[in-house]
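Here's a structure for you.
Chain IDs A, B and C follow the sequence of writing; residue 1 opens each chain.
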Amino acid sequence: MVGLRAGLRGMTNPQLWIAVVENGCFFALLGLAFYFNLTGAGFFNFGIGAIAMAAAFTGSWLVTEHGLSRPLAGVVGVLGAIAIAVVMELAVVRPVQARGEGELSALVAVGASLFTIIQLSGLFLGHEARSGQPFWSTAPFSVGSARVGSTVVPIVVITAALFTLSYLALQRTRLGRLTRAIGNDTDAARVLGLPINTARLLSFAAAGLIAALAGITFAGRSGVSPDNALHWTITGFLALVIGGTGTVWAPLLGGALLALANVFIPFYFGGDVLAYGLVVVAMLFFAFRPEGVFAPRVRV
Amino acid sequence: MTTADPLLSGSGLSKSYGGVHAVSDVSFTLHAGEVLGLIGPNGAGKTTLVDLVTGAQDADTGELVLTGSPLRGGAAHRAAQGLARTFQHPQLALDLSVADNLLLGAYAARHRGLGRLLAGLVRGILRPHAPADRALAERLATSVGISGLDRHARDLTLGEQRLVEVGRALGAEPCVLLLDEPFAGADAHGVAGTTRVIEVLRGAGHGVILVDHNVDLVTTLADRVMLMERGRVAFEGSPADCLASPEMQRVYFGTAPEEVAS
Amino acid sequence: MSARLPNVAGVLGLVLLVVWAGSDLYRSSLLVTMLTYALVALGMYVPFVLAGSLSLSYSAYAATGAYAVAIGTAHAGWPLWLGMLVAPPVAAIIAVVLGAATMRLSGFYLGAVTLLFAEAFIQLLGNLGVTGGPSGIVGLPLLSFGGWEPSPQQTVLMAVVLTGVLALALDRLRRSPWGVVIRASREVPIAVDTAGVSVSVLNLVALGAGAAIASLGGALFTTYVGAVNPETFSVNVIFLAVFMPLIGGIGNPWGAVLGAAIVVHLTLNVDSLASSGTLLVSLSVLVILVLFPRGVLGFAGTAARGGTTLLTTVTKRGART
């Protein structure tokens, strides 16, 4: 039984809330990457977690094994991630999806891509976990009794910036509106002669960029290994599905809810309960509200 | 149940999607040995009505009665009660052969319910092929007039696909067959095949609900015709009465009968 | 007659593997690993290839088989073979319950939930007392049938027979009326539903049957090795089991067995490949998916034209004559 005092101790512990913020930002960014792929290509890119991992892992490897500066390694990681995303679209997803065989082959293709990225990273860079090498960190400081780690401020700033930029890009630019139109109804867009392929490619590239920034920054706290890829993918997917696909801000809410669960459930009930709880939460959400909290407005 | 009781009846059937009434308050009866024609422009609610009867969609309101008992539950349950249908957009397993598609109705009939599904699994391993099934496929193919049983379904023309669907439904030995636009895209051969099946079922005392845009064919084949417009029944009666009705003029020509006369 | 060609080739292949393994213990263990994978892949074949639904909990079902043997033996004092008999129904029940809970899901949603379930299940195994926690259960006795203790070679032979019989059975099932109904449900579920077979119930039966077969893989592995722990069946097993039928050819259940042989050969048997074997496997899956679409995931009946693998080609050619 969780006593009231213990309950309060958790909820009033600022250190835990800082963890919520940090986790929440990371999950939200992964969700945002999923959102870009979904909007531009009508497709859940299960490779997102692997792309984030590959960027962070490669960056760490370049810094620790080859003495590159962190910013330079960061740039390489981000560019590499964009390249992976673009190659995935051009070489795998587009040809498989173009055949119109339905979701199953696309799902297997993306699964195979994810697996390939994990294996490639493991083969060339090793399977052991590495400490993250974020290109930007701040000096740790204290707020009251809580300590704010070196990656908290960067990830909050990056999250705020990326969400704002995404909002502006999708709402205010011609290409962004086009992209959303294509995600809404690809067939109609094709009939209208809209540049579907360009929009798709850009959405993959944007997803790769966002995933890379998220992975590199968060790895500064958690470290990174090829084993993280699948978890990060599932987490980002959950953040998007729980938040909903109705607005670009939705992954922020999904990420926050997931982070609350990730921090407080283990605190009160132990880490195992989180694993069991996630299955149940995912099942309930997928079955009863697959459109998420912020559902797209239905146009009849 | 007396002979005057209908084979299948529906009352007060309604279905709407987000405020659009696809079918509203439709009632109908179908007697044994009768062909009920269903005509009306696109969007009149004909296919939705077929979906509501077969359980492919759930009705918002309304009751259905088949041979004196309420007809409820999902599509599979209703099929087990003796309903079979074809589809406006043919639903053939394109990956399978024509023979397998023809036999699907009969095969499914053998696997209704969990018990039969499990027994069928074991039987399938022990005895995958029964010569009688090949004979049945040939019989069904002859009834609808299609050949080339070992072709892939994907190689069929639209008309041939419709014939296979009719044959598949026939294989389930239904007491009520619902045909959704069997003549669309069919040539004279296809029309003849489907017509033959309709006549056989009528002769055997079964019921047929025939939905099609071809008013000539429907009024020729049907014993009774229902004209639908915007989800409602605009007219119901004999084919001749329907063709002569002012509702028919209005629905199809958009004019009142006086204007036509003048 | 030539429809039997894959069956003949498959049986012949298994016989050759038994001869190749001989009394060499290393080769025998490779063969057992391959048969374990083959059984998991054959299990997955039922819902994945026949019914077209991608449930990813197969590491959990393999683990169920493994732990049924281990727990039954270590805690209840059962002979190992009794655990092998208990494993399939237990795994089937778990799969049906999970399948019923996820009935409304498909595609990515189903994939994500079943993957989370597999992870949670493995975590549960590492936390329970009865499963021996993180270190699992070790030191199981040798296989014994009322006093008769088969040699390792005889055990391998029995496993080969089990795998061969299941592949033959699934091939017969695929071509049977039941197989036609379930394969039709993959493409046109509405047609199957309105013909009187509930596709949801059909899917549950497929999931249960698949899990039962996959659990035999886990049971076999534990019986042979004499130990199990939560790490034995990782998420990698799931991916590899999805890839195996694709590599071997989905036109026939023997494709799953062939795929298992190829995967084990590449990942464990070719020294020069070392850790790149798994990479090679996933890359070849990508290549197959992209370049030979119709043959592999097209589910399109034009497999022979794509010519993905020898086996698929042979199968389809056989089916036509």
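Going forward, a residue touches a chain if its C-beta (ideal position, glycine included) is under 8 Å from a C-beta of that chain, and two chains touch if they have at least 3 such contacts.
As the structure is a prediction and not an experimental result, all values here were calculated from the model.
Participant: So which chain ends up closest to the centre of the protein, judged by Cα positions averaged per chain?
Facilitator: Per-chain C-alpha centroids compared to the overall one single out C.
Participant: Suppose chain centres are the mean of their C-alpha atoms. Which chain sits farthest from chain B?
Facilitator: Most distant chain from chain B: A.
Participant: What is the distance in Å between the mean C-alpha positions of chain A and chain C?
Facilitator: Chain A and chain C have C-alpha centres separated by 32 Å.
Participant: Which integer distance in Å separates the CA centroid of chain A from that of chain B?
Facilitator: Chain A and chain B have C-alpha centres separated by 49 Å.
Participant: Compute the distance, rounded to whole Å, between the mean C-alpha positions of chain B and chain C.
Facilitator: Each chain reduced to its C-alpha mean, chain B and chain C end up 41 Å apart.
Participant: Please output the residue numbers of chain B that touch at least 2 other chains, ranges allowed.
Facilitator: Within chain B, no residue contacts more than one other chain.
Participant: Residue numbers in chain C touching 2 or more other chains?
Facilitator: Residues 299-300 of chain C each touch two or more of the other chains.
Participant: Which residues of chain A touch chain C in the complex?
Facilitator: 44, 46, 91-92, 95-96, 99, 101, 103-105, 107-109, 111-113, 115-116, 119-120, 122-123, 230, 234, 237-238, 241, 272, 275-276, 278-279, 282-283, 286-287, 290
Participant: Quick check: in the complex, which residue numbers of chain C touch chain B?
Facilitator: Where chain C meets chain B, its residues are 169, 172-173, 175-181, 183-184, 186-188, 190-199, 201-202, 205, 209, 299-302, 320.
Participant: Please name which positions on chain C make contact with chain A in the complex.
Facilitator: Touching chain A from chain C are residues 52, 54, 101-102, 104-109, 111-113, 115-117, 119-120, 123-124, 127, 235, 239, 242-243, 246, 275-276, 278-279, 282-283, 285-286, 289-290, 293, 297-300.
Participant: Within the complex, which stretch of chain B touches chain C?
Facilitator: Going through chain B, the ones touching chain C are 54-56, 74-80, 83-85, 87, 91-96, 100-101, 103-105, 107-112, 114, 117-118, 120-121, 123-129, 133, 150, 152, 154, 168, 172.
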